[in-house]
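Chain lettering (A, B, C and D) follows the sequence in which the chains are written, and residue indices restart at 1 in each chain.
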């Protein structure tokens, strides 16, 4: 199988506001993720909110096998037309990896059908990400747990459909748990929600987290299956009079 | 548990056009379903597309435990505001039973996140509805199979998320199969998609089909669980410095 | 629906050995559970390992709607014949609730097909049991989390099939997580694995835990569905020459 | 990834009895399957019931990535010790593909925990195998349906746990349906039950069926994940006094 073509989408607002986010990701979260995927030999493009059509034109999506999505403060600024376009491509087979605060993005809520709400608290708590399904492709080479030294906490109830496969569950210092690695199949596409990551913690520079992201891209890449056909069909082949 | 309050929603267009649908359901599909649920002792209201707000005001939905949905030709005429309202109520716990051609309703596509597309052919074929999970509450008293003498065929691929529980699978004379009884949990609500039924076949008068519909209402009725809380939470109870 | 008939099975060895277990459950864990279920109006019997046939004769099982299982030190002493008998009854519709160290019982391993292994540590850690599916019948009236002041820790990887429904996930003081409330459907029967409980902690006297156990019995009670038929069937009803 | 090492296991009794089975598979079903997998470049061995230890020694299983299992008339002759050995290897990561009448094998019942019973009728009916999940790796290149001209019918209720993924559903001329392609994850291993095939029909010579079998082997091959660890663990890393 050829290496997947990845488009890294980033809201890219926090990192241009001169605070902790800019310090942590001076060129944007997308730059760090793009560098990661390039280092794995994937074919990588980036796209951000403030580009025309948010950088997600038909042409870009047609050339994308897996789209990663990071957004936080400006979910509402994403145009519905672009959300429709991404949803259509996912249902046609494009993989989608939704990162951290992307749980509240229009595209994730659209594909899940639920509020995708959760509990949260940002105090730089330690997170322990436990591998619940060690034989899942997304857990390959990850080990039994990953310790994230400082993280924003997300806690249950996470209001999503029960995942088709639950790969990771997080423990937080403050007393909460969270289903942090959730696989979904929707239409011909695969979706992975992955909790870790935040604009002010260097989580996307952490080795084990990068391993998971690489695995997730490979898992989410399309099978290039024949598209199923729909609509009216002629007289049933078995029908006899 | 008290008997559920059911609102039967119907597009109610075909049955006023003077053809086979009017012959089959002269007072509307909703009238037949309402009579069924009343005969079971449920508290029943009806609502139709051409009423103000399609009959689905906040007040009506607040008093509804389970909403049944039949639509076919006018899905696009359902106002997005009403779709939003119904979605919110389902996620808050109201049950939803989506009937036959309701697979293409805005509300079902909204809650599933997929196209909900399928194959179809209307030739009055025999359908055999097989019980795949005989111990499911929705299969109670139904037996191993239900023969529907004449039906519109729906065939796989049915483009929905894999159901949380698959209760029935249909066989069609013409050679197709279909996942005809699909359970989903979304938010605090339960959703049942049930394939049989059509505006020109008296399927909703058939005893076994009525048994399934009664069962489905009872299954979909809310647990009256405490609503989960979401949003920012204070310092973690376990956090120590 | 009439109240379920519950048989509470207990290994009943630790509590007769004069140590912490006897102090905690002087008349046996089964006595405390029996008292709980009786207080809910259920019809309750108890059975223990050292009775003939472990107290689980055909007659007893035939009169049981839901069997609860607590064992720890003597799993291997349970006769295979009795395990076969219990498995058959579960597949025929009897509910089974497997408690805590019962994860390693012959009957649970038999029904799961896996090792059912896990990590553990007994240091009296605090456990926080989070409700992942607040609208599940087993979570009724339980609230968002239950704090167990002192518990033996069980940690992931828990080597079971992915549960059909995951209701609770535990957080432990020492840093682990665990899928603590797992629902399975096997044959015509329902199985609930529930982690909390131990012979030296008064967990089965805790109000919220008792609420969950009551809910679990009600959920696991059989639907009294018609048994499906199996084996050779005559010429297909649709077969034409 | 290197090509998987496949061991094709066959009961190999029917084909030596001089009737229709011998005509259809003169050198045994295993010979036809072995030839298929060799033609795909896999590393293939065969093993049969009447060999010592049924040909499934520790050494053979240690060198096997995916085991395929065909049995029918002599399930009871398979030694429990060998069943234990195969189960252990599956839980440790070996893939298992259970074919047709293998539904009643000791190893499949052991791994499922249920009776695995079903309805059947052997009249050479036409079977239509519909692809329910077209984007599943096992459906790659298969198309929307596969017509098997003559088959033994298997009908629901199929008494297995709800599959983790349902890939194919069959339609039969006589009026039945069946969940014919069922994926399970158990321990670190993957299991695929595939219905088509019979000792007197040349189904394993059919192109589309062979494509599915090749896909299934690739899907079931182990990830070579790190084995999870189990048992007592030391003081929790987060425990503070």
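What we mean here is this: contacts are C-beta pairs under 8 Å (C-beta built on N, C-alpha and C of every residue); 3 or more make two chains touch, one makes a residue touch a chain.
Worth saying up front: this structure is predicted, and the values here are computed from it rather than measured.
Q: Among the remaining chains, which ones contact both chain C and chain D?
A: Chains in contact with chain C as well as chain D: A, B.
Q: Shared interface numbers for chain A and chain D above half of all numbers used, same, or below, different?
A: Mostly the same residues form this interface, as more than half of the numbers used are common to both chains.
Q: Centroid of chain B to centroid of chain C, CA atoms only: how many Å?
A: That pair's centroid distance is 34 Å.
Q: CA centre of chain B versus CA centre of chain D: separation in Å?
A: Comparing mean C-alpha positions, chain D is 36 Å from chain B.
Q: So which stretches of chain D touch two or more other chains?
A: If we look for residues of chain D contacting two or more partner chains, we find 128, 131, 133-134, 144, 155, 157, 162, 164-165, 172-173, 175-176, 185, 187, 228-229, 238.
Q: Note which residues of chain A are touching chain C in the complex, please.
A: 128, 130-134, 144, 155-158, 162, 165-166, 169-172, 175-177, 179, 240
Q: Tell me, which parts of chain D touch chain A in their complex?
A: Per the touch definition, chain D meets chain A at residues 93, 126, 128, 131, 133-137, 139-141, 143-144, 164-165, 173, 185, 187-190, 222-223, 225-229, 238.
Q: How about chain A: which of its residues touch chain B in the complex?
A: 87, 91, 110-115, 117-121, 123, 125, 153, 155, 157, 159, 161-162, 164, 172-176, 184-187, 228-239
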